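What follows is a single structure, written as structure tokens, with notes after it.
Order as written gives the chain letters A, B and C; numbering starts at 1 within each chain.
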Amino acid sequence: MLKVKNLRTSYGKNEILKGLDFEVSKEDIVAVIGESGTGKTTLALAIMGLLRYQQDNVKISGEIVFNGIDLSRLKEDELKKIRWSKISIVFQNVDNILNPVIPVFKQIKEILNSNDGTSIINDMLEKMDFPVSRAYAYPYQLSMGEKQKVMLAMAYILNPEFVILDEPTSALDFESKNNLIKIIKELSSQKAVLLATHDLDTAQNISNKTVVLYGGNIIESGSTKDVFTNPRHPYTRGLIRSYPSETRTKDLQGIKGNPGFTDNGCCFWPRCTQAIQICKEEKPLLTESNGRKIACHRYGIIPLVSVSRIKKTYENRSILKSISFDVYEGETLTILGRSGSGKTTLAKIIMGLIKPDDGEICLENMKVTCWDSAFYKKVQMIFQDTRAALSHRLNILESVTEPLLIQKCKSNEEMVDAAKQVLSEVGLPGSDDFLYSYPHHLSGGELQRVVIARALILSPRVLIADEPTSALDPSIQAKVLKLLNQIQEQRGLGMLFITHDLGVARKVSDRVMEINNGILKEKILR
Amino acid sequence: MNKRWVSYIIAFFIIISLNFAIPRLLPGDPVSAIYGEDVMVKLSEDVKEYINSAYNIDKPVISQYFLYLASLFKGNLGYSLYYKQSVGKLLMSYMPFTLLLMGLAVIISSFFAFILGIESGWRRGKKIDLFLLYSIIISSGFPSFFIAALFLIFFGITLGALPMQGARTAYSGFTGFGITSDFLKHLVLPLSSLIFILIPPGYFLTRNAMLSNIKEPYILLARAKGLSDSKIRYGHAGRNSLIPFVTQTGMRMGTIIVTGSLFIEMVFSYPGMGSLIYNSILNRDYPVLQGSLLIVTFLVLIINFFMDILYVKIDPRIKYAH
Amino acid sequence: MHINTAQKLRKDKNAQAGIIIIILLLIFAIAVPIFTKAPDVFSEKILARPDCENLLGTNDIGQDIFSRLIYGLRTSLLVSVSTGLISTAISVVIGVLAGFKGGLLDIIFMRFIDAFLVLPVILVLIFVSVFIKPGIINLIILISLFQWQGTARIIRGQTLALKEKTHIYAAATFGSKKSYLLVRHIIPDLGHIIVVSFIYNARAAVFMEAGMAFIGVSNPSTISLGKIMHDAFKFYYLPAWVWWLLPAGLLLSMLLVSLTFLGNLMEKIIDPRLQNA
């Protein structure tokens, strides 16, 4: 029904949409999601052919093919015939979107050319549960929800084939939002709908396909269910993680940096935690695989550690029976289990401290054959008993810089600087007093931070945290968990979090797997 | 209706008090200030008596003020020695011409100002807009009496096409249709120059309102709805531009109209209030001047009053706010 | 709201023209009288056509029209600048006080201001002047007394709006006194409005003085453009209007138009919606 090909728009020198390709077929409801300024409204206006009224010096290239006609090439009077009768739009509910001095009924009626539109309008309003007596009011006398209903009534009254909804629910309270979502679903059956929104709840509720926009580029698209349950682009995941949905239990995480869109290379690389050289140089193309499209040089979020078919038996007791899972970049996977369930064994196997009976471990898609210093540079572990994990003979500076000393990659001054930096990252002072104190001078919370700092000093990609907070008081635990969350947001660490505490698991995890009798199962948290 | 009426009453009392106070603040007694130094010598006894009773100069100032108020409310506006007539009657005979001139000019000029303002604002930055804008800015800089004088000289003398003075040709002996056409011919020049003067303020208001209104979101919605250009221009942008046009002019129009028509009448000797005032200045006929000031203020207040009513009708939000 | 006036001025050709005209008129009014004849001296030549001696001919009592024109312009400029200053000063004081203090004071001020605004000011001025026959100084004071209300209303409105601005609240939370807020924040923020008010008042004063003089309400000892037009208009049926009435009217109009241009520039600066127009 609607096919957008390589759509580019610019105001003067300012390019807003940078080559969009997507399709909306009949009975599709396509959600276009993204933060403000990514070009959602520009896209809506471009399809309506209204962009030039919004700004001077508008340039549009590419095609917007609607039922075989390229809308971007049509003249104003030809567009007028298509507008509203074939394609209608519900604009964002801003102040003065409805003419303040004309009763809303009249504003709906002026769309209909015939004089006997009253009954049609009344039917439409009834469908939306909008009291007809209120229709003769002026816009300022209506609530936000009522205004939104008026706008919907306008958009659907000519029974168009294609409807654009621009943030239809953004100004509404929770209850009216749900009510409106229901109405939109009813009205939109048998129609093609483009839903531009930053409200992920609405997008998830209404749409069956989702397009993720960032900096005027499509970076991911696919069926709504797939995109939301298994986001593949780091931005999509970041967006979902930042959104306070009803079912989400993990603490909110943002995306590092600020939305400044770059034109060199991938538009997302300055904020991406897995960016490599090519991301800064070349723009990734939107490529399809398994019904999903994604624009990423690394084909989406990469698995950092893949564990497959690990088996371990102790004294004839089978502790781990063919364990497999992946830890992705920037995510926290929690292994939940009772004490003695084998979670620590699993962690030690990954770290190469215990040999498994069978199975293999891959790091960044490469099978690990020997656990050398290159491996430990990328994978670090935080141990359960922090006091025991630090040597009482070494002062804090020596403890924290020990990994560097072992890797032999830095001079003494550089090591001190690096130590100060990671210490400040975990919220500890970098003063000489502190650096030259000994573990027994510090509290449990401080020690845990020192251990985390030590794990971070090699800039690992994966952090395995084995009950990192079980020895801490709740108030200290909260701080440490927040710290880990924050470090993950900044560094994009893949974290394997091992705990027996369901409450902690709920707050820190993106995914939770429970280990029971040596078998690992996905656990859905609600 | 807000608290404007309080201001109207205050305004009225300012004028009354000025009328009362100014002659009395001057050296000498108010009667000689108003009627001239030698008035008491020249006049007949009954006129003297009338004047003395009207001004109560032998009573204290406070009671003079209240007696003055009382006589005003009885409709007594004073007596003109020049015209040998009561000021009230005199004003009533001049008033219809002014009302006719003003009424027609306001209706016609509002129509043009509004249409031009809307068309000009809609075509912002285009040639026609710039042409209108600059020519109206420049013509608005010309003071009304200068414009009237130029109209008079150009159309009346250089072209010789239209009568320049008065409201009708004296001793013409016209009858029936002749009277009407003679009357209309006399009206053309004063009316068109008054219209010319009244267009700019309305035009600027409408154009400025249009400039901001065409950027409002409801205009984009109207376009999306596929409405015709003229419907968007007049039905949506124009409808909203009407509000400042009415409200702002409501505040200023009264004085602009009255001032404008006074100058115009003076220049064309059109027998309305303006000419009466002009003549009373020339003849030092102060009672007439005082009476005119009062009546003209009253006129302005009435115009404002109707504007206020219109204002509520035109902007539904006002009613809601109160 | 950061405003770069100089930059806006560079873009606005009308305002440049306005400034240039005003500067030229000022130079004209100040410097030229050194070379011209005394404006009050009568000569034998009556209603003469322009020649080398009398650039714009002579009037009905034999005075040189050109030199009278220059002195008339002086009067207009003097009236416009001083009335502009006085009435704007009054409107700033009253407007800021009403807006900032609010309450009963504001209500009383506003009722009175509105009352003055509906008066036919020029008629009131004519009426008062007919009785008290003011000289130039008194005329300036008189016009100022009836001119400040409009701009005071605008300044009050702006002050009210400014009072609600967050940066003013912020300054108040630092513990500043009201007088500090007034002097350091509100009055400087009103700067552009005050300039507009000055231009507006100056323009209105020029018009009123000229209008009064045109009607014949003027002090016999002052020469003004309006008065020249008043004298000239008596002879409108003679061809003399071309070098008598017309130059005076055009000079007056030029002054008014250039003030309008300046006022428009300032209005555009204050209301960004009017830009690009």
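By our rule, a contact is a pair of C-beta atoms (placed from the backbone, for glycine too) under 8 Å apart; a residue touches a chain by one contact, two chains touch by 3 or more.
Since we're looking at a predicted model, the values are computed, not measured.
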{"item": "Chain occupying the middle, per Cα centroid", "value": "C"}
{"item": "Far-end chain from chain A, centres as C-alpha averages", "value": "B"}
{"item": "Centre-of-Cα separation between chain C and chain B, whole angstrom", "value": "22"}
{"item": "Centroid distance [mean C-alpha coordinates] between chain B and chain A, Å", "value": "67"}
{"item": "Centre distance in Å when chain A and chain C are each reduced to the mean of their C-alpha atoms", "value": "62"}
{"item": "Sites on chain C at which at least two other chains make contact", "value": "none"}
{"item": "Of chain B, residues touching chain A in the complex", "value": "216-227, 231, 235-236, 239-240, 243, 314-317, 320"}
{"item": "Chain B-touching residues of chain C, taken from the complex the two chains share", "value": "14, 111-112, 114-124, 126-128, 130-132, 207, 210-211, 214-217, 229, 233, 236-237, 241, 245, 249, 252-254, 256-261, 264, 273-274, 276-277"}
{"item": "Chain A residues touching chain B - in the complex, by the definition given at the top", "value": "45, 48, 50, 53-54, 80-81, 83-85, 88-89, 91, 94-102, 110-111, 138, 140-141, 151, 154"}
{"item": "Interface residues, chain B side, partner chain C - complex", "value": "3-4, 6-8, 10-11, 14-15, 18, 22-23, 26, 33, 124-125, 133-134, 137-138, 140-146, 149-150, 152-153, 157, 208, 211-212, 215, 251-252, 254-255, 258-259, 262-263, 266-267, 277-278, 281-282, 284, 286, 289-290, 292-293, 296-297, 300-301, 304"}
